[in-house]
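What follows is a group of structures, each given as structure tokens.
Both of the next two complexes hold chain A, though its partner changes from chain B to chain C.
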Partner chain A sequence: MPLTRSPHRSYDRPAKRINWRDVVPWVLLLIAIAVSVLPFYWVLRTSLSMNSSLAANATSLLPVGFNFGAFERVFGLQSTQESIAQGGSGADINFWVYLRNSVVFASITTAGAVFFSAMAAYAFSRLRWKGRNVVFSAFLATMMVPPIFTALPNFLLIKDLGLLNTMLGMVLPFIFMTPFAVFFLRQFFMNMSREVEEAAMLDGAKHFCIFFQIILPNAAAPIATLVLLTFIQQWNEYFWPLLVGNSADVRVLTVGLGVFKSQSPQGAPDWSGLMAATLISALPVLTLFMIFGKKIVNSIGFSGVK
Partner chain B sequence: MFIAPALLGLGVFFLLPMLRGVYLSFTQYNILGTPTWVGTANYEAIARDPLFWNALAVTGQYVVINIVLQTLLALGIALLMQRIAKSTFIRGMLLLPYLMANVIAALLWFWLLDYQIGIVNHLIETFGGSRIAFFGSEEWAIPTQALINTWRHMGYTALLIFAGLQVIPRQLYEAASLDGSNAVQTFFRITLPLLRPVLVLVLVVTVIGSFQVFDTVAVTTQGGPVNASRVMQYYIFQKAFTESQFGYGSALAVILFLILVLVAFVQMKFLRGNESDLG
Partner chain C sequence: MRRTALGALGVATLALTACGGGGDGDDAALDYWLWDANQLPAYQQCVSDFTADTGIDVEVTQMGWDDYWSSVTNGFVADTAPDVFTNHLSRYPEFVANGQLLALDDLAATAAVDTSIYNEGLADLWIAEDGQRYGLPKDWDTIALFYNEQLLDDAGYTAGDLADLTWNPDDGGTYEEAIAHLSVDANGIRGDEDGFDKNNVAVYGLGLNGAGSGQGQTEWSYLTGTTGWAHTDENPWGTHYNYDDPDFQASMDWFAALADKGFMPKLETTVGASMADTFAAGKSVLNANGSWMIGQYTGYDDVEVGIAPTPTGPSGERASMFNGLADSVYAGTDHPEEAAQLVAYLGSADCQDVVAEAAVVFPAITASAEKAAAAYDAQGVDVSPFTTHVEEGSTFLFPITAHASQIDGIMAPAMDAVVSGKAPASSLTGANDQVNALFE
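Up next, the complex of A and B:
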């Protein structure tokens, strides 16, 4: 879905004949869509503007003083003098380091959480063992626990382990499972047919075989959706990385953006630089969304109505 | 055996921390050294702490604005989609803000709502209003945070409600229209009651989420001006990490947790969320 194109054009005429009773609903819906989407255009417009020209042309719909200086600033391609001349703060962003950290953090936590959650979901849905329901209830209950409640003791634990400001410390609480992932996959595994599984059992296949060769391949679609949702979630995570990974070499983009913002002088922030950084930080999610939009949208209905 | 890694995660990073959090709330602990047991001293101090009551009031204000605005807007959007457009493309665009990080939503609106050159204040002036210091005034700090959150979540909530609308059987509407029921009657007699399970879910999720607002506050107002946006979670964060009062912060976290449990319980109980009138 292109960011910049106004959504109005293709949906103005829902049917061949205009039904006048539908005009008001359409206008309202288009307003809701505009409110959702247009702020992103403004971010793009600002990021392509010259920071020092923004104040004079605050309402211009097009970029003012069009240039890529803000992006150069974010990518560290600009000298300090150039940056200040264009209205930047001259602050160092270390953007590439933050980007790398975000990619590593989100990828590792996603891979771990989805894989181990799938194993747990398999145990909850396909294997019979004592206490299964009790343990599953415990998993469900943790979905209700506010992150701040466990974050403080978890911070101490990570500190005791000497893992503050390490990638390992940042990924550990997420890597073994997320309650949502366990729940999400269990729902799918429960509905899979038992026949193939039983046939494999008769052939003497072990649980590991069944899990890897039957369950996982057959659940490729829900697993892909879960990977997508988890990755976006982890990419956006702020609180935990702020606590545990605030030093410059492990800082992720969300935390880095906050720091970058606070480095801009209060009087005249480097708006175009800030918006360029914001846009680039959102880019991975925007890209995933353009490719897998339908999958993401359809998964919302599922996660809501259990 | 399959469940071992997940159990490890559950035990080490959820269950044990919960116990440890409760224990720490009865101690004085400045992160260095060892915690000293002080009984209920933290809780007594919290009861007398004006900043705690302020945080609770401010958070409450944020929660209420969110619930009302977000639920009403989302319900409206869901009904609009149900009536005129079920397209995935439209749903996708409404979902876009939800996929953004809180930090990004915060920065984006920090710019749009800037007092000097933000586009929103220019629009307000164009239509004859006077500029609003969205982040800089005490009366606007919390409503602004709530508006940002509403913007981020309204499409998502609308999709949840929309999914709930799809489940209502067509025949009920046909029967109602045969009985001469008009649109308003149909909405209040059929749609709303049958949406109840979804609405309860939405309310629980919204309230629990709203009580934990942190990211936007941390990036924009940082609790200010004065204490106007010092919400519970931000206050806990400051106590534990800025002022190194870990025991006190843990006690605050326990209280927040108890509030959330209570809220969820009351909502489930009163709204009978688990039952459906379809049954």
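Up next, the complex of A and C:
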């Protein structure tokens, strides 16, 4: 480090100078925070506004005609007449049912995909068998296939199985594994120490035992990361649930919000209702982030120091 | 650990079984779908009355326009389509061609309906090329101009001035003069004054909804219809489209030029935006739109909205596309006779009077439409600019032909190119050839 002050001036208390090297990152950080938080604020501001007044006061930073009507609409606490009087469209969101379906759909697919992917990753990383790498390469290659190509065959299969408009039909394509999850976990499993595994084998442990008692507990952090990533992805999944689970009793929130958004052709959506529902539907994922956030940071740190 | 994992699987299986409902209805309940949320309360009422009358349960599902058609067509494939659903003129020919609708003449309840109660011509739209009826009309719509009273007043125009506007494809007539004068740039200079900055417009004279694809229902058909031009050689069931007509192309060049002159928003700014919301935000003064949008436009707070008739054209008359919805019965329904009873009831005066009182659309039944006009009147909304078209006979029918979705696939990008100024209207000749090749 070069000296910044000459020795003969050490008696003076030099005026504190602004160190631009410190200030610039702070300013950039504050701008980044503002840019990422502002849309959330705008969602909140719109959801607390009177829908019929929004358009005429489009630039108002504060809620226009502050009220909780949009949230009442979302939770089904408002009659259709009240809703229309407040500028709602008269459409309602069967929020609790859709929320339940979303939670069930995202939880089951996440639990299944992570569990089965972990088993596959174990087989690809810890077991030695003929053609392992070839199979793994073929498996990875499936990551290159855009999901839209498999949508139609999957749809026909689910239809032929008589599983349309059932939760089972909705979760089946996602529940077993995803190439990404297998790849992700395999990288972690490969770096685990072989000695522990060999010691366990000497003690008579079989693969089942090793997998559940050694590998899984040691991979808790990456698994937590994967759970979160998968859950968010499944929570936001739109196309497949729209295709297969369109009936109201299995409809998930994303589809429910999409249907709510578009009404008559050219009609404007019930923005405040839509924003209120969006805000509430984002809460579960935010909560998950709060619970798992530290683990994710740890797991990334873990992968860094390996 | 093992027990936990097995337990979790067990719970998952239970949840799957518990939520795996939604099978095909073995019960006698009918499914009825519609897309317009504004009409939902009225039809919910109709359906309760119907159930009280007949003992037939009906479940009403409302689904927004964007997802409605994919859900209906998916339902046809998967055999989960609703027994009865609200149908659109642009869609039903394909459904008929694919055998997805039941002919209503074959069903007792709908065959018995006297179609003379409906507004002239509406019922005939639902007779397909095979001569059979596939829908009973429920409402109709026409086009008029919504305007912002305050901004109109600021420009020195009156409602009376708007009612007397004339239009032609050469210089746009007094209609373009009005649109130009109503446009204001960021410096407060009007579109017909020197120094108007067309690249920095604060208020557009005319709002834009989109390029209108092949129909231009609310975008330009109310203008092209006044030139004597028609979309097809005959309607319904024409087999030749006329987008290559030089007069039509002149109209489209004029329309596209409005955006270039700064009197109308550019096409790209309309993507994902609602013309009505933009209007309510004071960004445009005139909006040509359909009668189904009355509730939307008059529902805004802080904006005084008036309605004016569309301008008179070279033919000396006004023009409006005349469109109407109907209810149809899905061919795969387990309860065809009950479904027909529901269709007949929804198209009856009993139900349409309920719809009329809600003042959301104009019912297809002439007597009920008058009640709707009265209901609008009671709300302080003068809807005569919409009804004028019907009274004066200045309507032309929504073009009904085969291959609607393929035509849309050709015409939507072609019209986008023209209205966005990327291609001259003469480029529509090529698109027209492609469209007409579908009929060969």
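Some observations on this one:
As a convention for this text, the second predicted complex is superposed on the first by the 245 of 306 C-alpha atoms of A that agree within 3 Å, B and C clash if a C-alpha of one lies under 4 Å from a C-alpha of the other, contacts with A are read in each partner's own complex, and residues count from 1 in each chain.
One rule holds for everything that comes next: a residue touches a chain if its C-beta (ideal position, glycine included) is under 8 Å from a C-beta of that chain, and two chains touch if they have at least 3 such contacts.
None of these values were measured; they are calculated from a predicted model.
In the overlay built on the shared chain, the residue A:Val134 is in contact with neither chain B nor chain C. Touch criterion not met for A:Ala220: it reaches neither chain B nor chain C. Look at A:Gly258: by the touch rule set out above, it reaches both chain B and chain C.
Once chain A of one complex is fitted onto chain A of the other, the partner contacts of A:Val104 are limited to chain C, with no touch recorded for chain B.
In the overlay built on the shared chain, the residue A:Leu62 is in contact with neither chain B nor chain C. When both complexes are overlaid on chain A, the residue A:Phe239 reaches chain B alone and has no touch with chain C. With both structures placed on the common chain, the touch criterion links A:Leu202 to neither chain B nor chain C.
In the superposition on chain A, A:Pro146 makes contact with chain B only, not with chain C. Counting the residues of chain A that each partner touches, chain B and chain C differ, and the larger count belongs to B.
In the overlay built on the shared chain, the residue A:Thr166 is in contact with chain C alone; chain B does not reach it.
Common to the chain B and chain C contact sets on chain A are residues 54-55, 58, 159, 242-243, 258, 261.
Chain C contributes residues 1-2, 5, 8, 12, 15-16, 19-23, 35-38, 40-41, 44, 61-67, 70-71, 74-75, 77-78, 80, 209, 218, 274-282, 289-290, 292-293, 296, 299-303 to its touches with chain A in the complex.
Contact residues on chain B toward chain A in their complex (touch as defined above): 1-3, 5-10, 12-18, 20-21, 24, 31, 73, 76-77, 80-81, 83-85, 87-97, 99-104, 107-112, 114, 116-119, 122, 126, 151, 154-156, 159-160, 162-164, 166-167, 197-198, 201-202, 208, 211-212, 214-215, 218-219, 233, 236-237, 240-241, 246, 249-250, 253-254, 256-257, 260-261, 264. Those residues of chain A whose C-beta lies close enough to touch chain C in the complex are 50, 52-58, 65, 80-81, 84, 87, 89-91, 101, 104, 108, 111-112, 115, 159, 163-168, 171, 208, 212-213, 216, 242-243, 246-250, 255, 258-269. Of all the residues in chain A, the ones that touch chain B in their complex are 1, 7, 11, 14, 22, 25-26, 28-29, 32-33, 35-37, 39-40, 42-43, 46, 54-55, 58-59, 116-117, 119-120, 122-124, 127, 135, 138-139, 142, 144-150, 152-154, 156-157, 159, 172-173, 175-177, 182, 207, 211, 232, 235-239, 242-243, 254, 257-258, 261, 271, 274-275, 278, 281-282, 285, 289, 293-294, 296-298, 300-301, 304-305.
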